[in-house]
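By letter and in written order, the chains are A, B, C, D and E; residue numbering begins at 1 in each of them.
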Amino acid sequence: MTDDTMEPDDTVDDSTDSDDRQDDVPEHWKHAQRLADGGQPGGQADHGAVFEDDEDVELDRGPIERWAANAIKNPERTYRAMFYTATIFFLLTTLFPFYWLLMVALTPEGRQQDIILTPNGFNPGAFIEVFQVLPFHWYMFNSFVIATASTIIVLVVGSLAGYAFGRLQFPGKIPLMLLVLVISFFPPAAFFIPLNDLFNTSFFALEPITGDGTLYNTPGAMVLPLSAIFMPLAIFILTTFYSQIPDGLEDAARVEGTTRLGALFRVIIPLSAPGVATAGVLTFIAVYNEFFFSFLMTDGQPENWAPILEGILGYQGQYEVMYHLMAASSIIGVIPVAILVIVAQEKIVSGLTAGALKE
Amino acid sequence: MARVQLENITKRYEDVTAVDDVSLEIEDGEFVTFVGPSGCGKSTTMETVAGLTKPTEGQVYIGDDEVTNLAPKDRGVAMVFQNIALFPHMDVFENISFGLRLRTYDDDEIQRRVERAADIVQLEGMLDRMPDEMSGGQRQRVAIARAIVRNPDVFLMDEPLANLDAKLRVHMRTELQRLHRELGTTIIYVTHDQAEAMTMSDRIAVLNKGKLQQIAPPLTCYNEPANRFVAGFIGSPSMNFAEGELVGDGLETKHFRVDLDPADIPGVGMGDAVTLGIRPEDVHLERSADSIPDSTGTISARTDVLEPMGDEVFVYLLLAEGIERSMEKDPSASADQLLMSVTPDTEIAEGEDVNVVLDRSKIHLFETATGDALRHGLTDAPERDSDTTRSEADS
Amino acid sequence: LGGARDENTIVMSGDTDFEGAMDGEDAETSIQEALWDAGLDESITVDVQASVDDTDQRMQNYQSTLQAGRSPPDIFMMDSGWTLPFILREQTTSMTEVLPDDVLSRVENDYLEASLETARHPVTGDLHAIPLFPDFGLMQYRRDLVEDAGYDTSEWDTDPPTWQEFAEAAADARDEAGIEYGFTTQAAAYEGLACCTFNEVMTTWGGAYFGGTETLFEAGDRPITVDSEPVLESVRMMRSFIFGDDASDTLDGYPQIAPSTIVQWTEEESLGPFASGESVMHRNWPFSIMDLGAEDEFGEDLGVMAMPYAISPEEAEFEGTGGSANALGGWHLTLNPNTDRTEMAVEVLEAFTQEEVMLTIFELLGYIPPEVELVADADPDEVGPVARYGEQIQQAADNAIPRPVTDIWPEQASVIAQEINAAYRGAKTPEAALGDLSDRLERSEVDVEGQNGN
Amino acid sequence: MATESESGGTDSDEGILIGGDSETERGRSGNAVINWMENLSEAAYAYLLLIPAFALLALIAFYPLVMTFVMSLREDRTRGLEPLGGFVGVENYVDILTGNARLARQFMDVTLSTSFPFLEFGVPLLQQALFVTLGFAVISVILETVIGFGQAYVLDQDFRGRRWVRVAIILPWAVPIVIQGMIFFLLFQPTVGFGSDLMQWLGIFGADPLADSQDSFIIILVADIWKSAAFMALLILAGLQSVDRSLYDVARVAGASPWQRFKTITLPLVMPALLVAMLFRTMDAMRVYGLIESTAGCTTVPSLTCLVVEAMFGGTRIYATAAAVAFMTALVIGLIISVYVFFFRDTEGGLY
Amino acid sequence: MARVQLENITKRYEDVTAVDDVSLEIEDGEFVTFVGPSGCGKSTTMETVAGLTKPTEGQVYIGDDEVTNLAPKDRGVAMVFQNIALFPHMDVFENISFGLRLRTYDDDEIQRRVERAADIVQLEGMLDRMPDEMSGGQRQRVAIARAIVRNPDVFLMDEPLANLDAKLRVHMRTELQRLHRELGTTIIYVTHDQAEAMTMSDRIAVLNKGKLQQIAPPLTCYNEPANRFVAGFIGSPSMNFAEGELVGDGLETKHFRVDLDPADIPGVGMGDAVTLGIRPEDVHLERSADSIPDSTGTISARTDVLEPMGDEVFVYLLLAEGIERSMEKDPSASADQLLMSVTPDTEIAEGEDVNVVLDRSKIHLFETATGDALRHGLTDAPERDSDTTRSEADS
């Protein structure tokens, strides 16, 4: 990273100023240590050191006051301290449930009692058992395919719409946007009955593809409704980000010889990388984990494209729940998404180092 | 390779008319520079040619085709944008080759062309930098390279050299002229730099408030400005103006009078308000005015500020005593001020009382009310609409 | 993408265990084999497809399948608790019409009557489902701990104690053994509370939702008796179990034995403490016997009995109540009316009515045969610990109390669960809760009155 | 591709400086479809781009909604093959609003009275789906926005290991709802997790949080915030990333403190993304269901979608009521969205 | 109101050293202009002063404090950015008042100041426009107004006038000077415009490749450049250079020789390579050279291109016959070319054979190897390190 692409006073690995800081921090430390020892300067030499120290006026202050005084004098350090505190807080709060989930997974079956910070027993076998009890990898694969397909559809179709909404002026724009938004007003169940009928109706045209001509038990039965349901979010996200790209860049692309669509795909989308990646990740994850349609649009068989949810729920018996397997399977199930996030994050976060939107 | 014609182009934004009924024709292979005050509509006019802005009214022709509604990509134009508009997500090579990669050039060809273009703009060795790792001038050079790497019919360049230092600017100027000559491309150019406008253009189009004021070869604009606006705008420092009134045998301004025969000046008569214009270099110290064949009577003044520029010195003259020393260096702004330019070895000091004369052959007269030019030079009969081309105009 | 299925396959929708047992570990002991042995055409294979085992989710799944008129599956495995709504919605095939007479009469005569009742069309009386297995709520306990506390449990196998005795034993055994709980059961606000755990307690106190057992399966015009005294007493008893008899709305003499968390427990959570030795008594379904009765768990120390009671049948105000009562659960097989393989499917169903098949299932999965007498005949070596408790199971079967399942039972069940749970927790007084419940049940009954005979 | 233009005459043997070819780019290039698209007016082009999205939405969303709406106007039939009876107009809606629907928990249970405050609640607010849902939506969205902003701000910084911190913060969003529910269900299951003990020790919870509406409400809030703050963070982060960094330079030189930079630059420039995030979070929160179902259960914390799902899949087939509740839910959400539109109508780039 | 001092400032990016060990001191209230080729580190140096870039090495002082690690907001600087960087979500008024609104000024005061600033940059009536509704020059003026509306100790202006037309530029120049005088603010200025640099600055700092070449008053840089780079860089068109060798009594270049006494030139001796530099305006036609007291011997040449600029004409002279007509207009690039500037009324034509002389008093000598200046003017004894200030320097 280069220095001028970040804000030095908010960042932490700016080597130059941290070096400077190290020069004066130890002085304060000496103070603090002396005070901790009872505040008695221990000997002549030390005494001299105190007087040499131009901050000796602070000797009679408490550590907090001193910290506050330092904070005022050196706000960067305060920001940094706040930054670290916040980061650690967020890390703890987001990761703790995962840690706990791991503990649940490691606890042998039937002993899920009083799990606090350590598992009750240790049974890493759950992570293997997951695959023995059910073909969990198959469910994962199905979900992956469905999520990928939906994400592609949503991003492509949503990009076109987002471009129109975000960058073009036309009559009826606001009503049409609201119409898109209206979809998200309804609980998914509101779509279900007509769609269930529709997807179980046999269409002649589909016969060569799906065998019996219905979409049930095919990825289509999930990809279509899920694309439609997550489309409004994607359209709004993309609209927002596309509208922020300066006209000049699109103009430049068009003069260089792209078509209007070409400018969208070559300039606007890459420049909106954070937004597009975010829309993609949000859609992917949402579809990957979607509950309602995934559950009702297949018969739950992995060979019939049942998604990961069916897999996880498969560890839930009528009266007994294999919590350790559910926990293990969800940890495993989260991994692809985590990988996706890692891959996409460079785009999400730093696709464009210095802020994309300069002209 | 293409003539560009604008027919009654008007572009209105909500409450601003950016371009107001502009018609002009640019010949195939011609180099035309748009100049005018900031906000006068130069960029907007260019965008109309590029197809980025649809004119509210009027038609655009490139070559023999009407292109008013044609997409920019099909107009065969390349453009350097005033705001530079590099693609921030591409490195220099990708930025420059963007237009080529959209077409089916093979990689070697692209490589070759990009390298050549980078060479012209002196960006060798920076091809893998990202735009945000470059200085302002370097970015601007990338933008120029991006335009010249293609082979368009028409180049549109909106202040392409604004961020470059004088030396590089001269170099780029030469390169652009060479390109122009070799490719025969029509070039429309916007600049604020008088030297650029004067040296590069076949013709200069002067715009003001969205309206075309004059389109003519540079020296014509300089020597025979169509109106007071052009006279004041072209030339730096700008022309001195003195408003006056036609009297029996001359023009009477606040501080001096010039003899002339009102009958020589068509369209106005006795008592009409007429403005006199004289460029700083045509104001001479009386003591060194022997080389001027025909000069006006003496005007006495006191020197105010001296502004040495290296190769010349600007002398601000105060025409009336007792007025406060005005610091406004825009001579057209004050009737009591006269700007004179002298060579650096002239002996003159601040606060000195001097006598100056004007070179009659270089006096311009404008109708005060409309600003239209009435006459250029009081010596011979006026020779308006001269079509002298650049290389001959100095004879 | 989805391909056409094999011509001779009958697809059954079932649970995961059933799916495993259908093909078996080895061919000798699979249900498939048993079906063929029972006379099913060898060319017909049965394919069990399990997706989720949670009963509510399965119901949703079947509902959308049947709503869409889809097949396969050809045969559904339906919870006896919600088969009836499907029957009323004409989403099942009448067994009376498709089964051969001999099979039909065998079923009608030999099967547990309480189970059959939940498989019949309430109006026509036709059989619309074949019970696969019944389930009974059973009281399981640590015989060793209770005996240690000085109680004689030998009688309990055949003659369950009263609730008071039960509670005292539980309390003493708990204190003696120094463990956490005396009694764990399910009292979360869910279907299981309405259908089963509360239903049991209420019935053993002589109470009833709808004035007795005659009117269980016909909504509309029937008395609502949930705010009657026996019902109130049963709620108070449960509150005593939770809070001790010093708390308000409790019964004197009934000690605190159950943790208050039972109000958020279902089967899984309530089983945990018992299985780990932290509870003396535990109410659950027979499935838990399979595990807990194993030698490496409690073995012979696991006692099983029918539900304790408070009032004898004779003293009971409502017909069919009082005495020990065990909630009836279990699953049925129904035939998908949309299938184009009715004949083959009927053959499969026929095979399921054969005793060998029932026994095989019992052996493999511990599912109690719908002809409960067979439990006694089973070989304990093959069947495992459940067989030890044949007597108690038989007794439970005799006292089985089905839930009043009708087309509106699901909505009534959640209302019941809510109000009872609220009363247990003390969020409402028992009187208020049961009064509200009575009103709300009344309203729902009225709603369907017009639809009768539809 | 480019067509040969009329030769310009000057590209003679002097050699072309840059290109080796004399082809020019002017004139229509590309195929007819592209040219047709290029020359559409802006509005026509916009409509063209909207066709795919609206085609998909029409088939998969609008068509079902119309069908469902028609459903809501008919009578419920719990028996027989046909799930719906004759047309009853708005009767189902009236039942819902008057607390007479055949639902375990009511949409709302409010009657007007003559004495102050002129409203009487039949049952506590937390047992009325409308208020549970509204309360949930308002509190969760506010907290998620604040926390999400905090997270995004942290993620926007440049520090060693930020890649992993990013993944960690985003990860909760990747957890399936059932698992999210399971985690918090188990955490607050007194015998398994320590959540209840902790909260009781803090004096916040009663004895059985998962059976208590208020405690469960808090659990669900916490669970939702844990998961969905990441959603906000992700979107806000994208917004932050799109801000031209040189604007911060300007502001810093102009003397803006970090807080002032945030207020005057970050916030307004992120506002469009933030609004989208809040808008969709609000709508999502208003439709909360899975989380409730997998922790405390719809009985304890009834939400609007709980009512829809229970009516539709609860076993008793009351599709018309389900449809009516769905439309009422949509109506409520619509009203809230209008509040957004109203308050943020001036925000540039917001709702346009 | 504050002195600015840079001490051994170095700024390295990954593989580029943008600023290389620059030390300089700018007095309180001084106006210093940074000039140098594109990419030489001007903006980076400014950013170091502003606190936007932490130098890799070195210290920055403003007033009496070391501010190297101080946040920009605490340095009391205002800056006009080269890339303009207006806040897109604020209208002109809000953009200009941004810095004021951060502090506790009352609304009237803000209003008053903004109006004053808008007035200075001639943006009256545009206060409610959004940046994307403005032309390039208008935006730049907003950026200037945004800086001048505050009352900082130090102004940093990175090419603030690049997008303005000549006239407005003159106006802005005056305004900035007025501000400078009235407020006494220290100003650091970057420009590519020689006229700006010459007229406005107290001193000019010439940078090249990150290194400071010379910092001196404008005319000192012009008349007594410290080295060949400065000589070539300052002045437009730039100085002619001719490489030669010191012989017994003079300097021998490829095409002519100049008499001099090598002993007059310290540091070099016979046979050393020395470069002669002469500005175009110091090359005279022999026939009109009578006014030059001390000129060199005649050099015969042929005129190549004439470039009329209005107030002067550039004449490109070819010094050797038979060489191909070079189109490179950068006279320092070719040893065979000499650029001369004459007044427009001089009678001269393209392709004419002419005799020219050089003004000996204006000849500069540089050591070819190092580029360091050896002597300025061959007439008198060299008067190096002259400290003549602007207003006296032209005597």
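Heads up, the rule we're going with is that a contact is a pair of C-beta atoms (placed from the backbone, for glycine too) under 8 Å apart; a residue touches a chain by one contact, two chains touch by 3 or more.
Keep in mind the model is a prediction, meaning the values are calculated, not measured.
Chains that touch both chain A and chain E are the following: B, D. Both chain B and chain C are touched by A, D.
The most central chain, judged by C-alpha centres against the centre of all protein C-alpha atoms, is A.
More inter-chain C-beta contacts link the pair A-D than the other of B-D and A-D.
With centres set at the average Cα position, the gap from chain C to chain E is 95 Å.
One inter-chain figure worth recording: chain A and chain C are separated by 44 Å, centre to centre, where each centre is the mean of the chain's CA atoms. Between chain C and chain D, the centres computed from C-alpha atoms are 41 Å apart. Centre-to-centre separation between chain A and chain B, using Cα means, comes to 55 Å.
Residues of chain E found to touch two or more other chains are 13, 47, 52, 71, 83.
Each of the following residues of chain A touches two or more other chains: 2, 4-5, 9, 112-113, 192-193, 246, 257, 259-260, 313, 351-352, 354, 356-358.
In chain D, the residues touching two or more other chains are 25, 38, 191-192, 244, 246, 249, 252, 313. Listing the residues of chain D that touch chain A in their complex gives 25, 30, 34, 37-38, 42-43, 45-47, 49-50, 52-54, 56-57, 59-65, 67-68, 71, 147, 150-151, 153-160, 162-163, 165-179, 182-184, 186-187, 191-194, 226, 230-231, 234-235, 237-239, 241-246, 248-249, 252, 258, 272-273, 275-276, 279-280, 283-284, 287, 289-290, 304-305, 308-309, 312-313, 319, 322-323, 326-327, 329-331, 333-334, 337, 349, 351-352. Across the complex, chain E meets chain D through its residues 47, 50-52, 71-73, 77-79, 81, 83, 85, 87-89, 98-99, 101-103, 146, 150, 156.
Within the complex formed with chain A, the chain C residues making contact are 1-4, 13, 15-17, 49-55, 57, 60-61, 64-65, 67-70, 72-73, 266-268, 271-273, 275-276, 284-285, 287-288.
On chain A, the positions that touch chain C within their shared complex are 110-113, 192-193, 196-197, 199-200, 209-212, 216-219, 295-296, 299-301, 304, 306, 310, 313-314, 316-321.
Of all residues in chain A, only 1, 4-7, 9-13, 79, 83, 86-87, 90-91, 93-95, 97-98, 100-101, 104, 112-116, 153, 156-158, 160-161, 163-165, 168-171, 173-174, 176-177, 180-195, 198, 224-225, 227-229, 231-233, 235-237, 239-241, 243-244, 257, 259-261, 272, 274-275, 277-278, 281-282, 285, 288-289, 291-292, 308-309, 312-313, 323, 326-327, 330, 333-334, 337-338, 341-342, 345, 348-352, 354-358 touch chain D in the complex they form.
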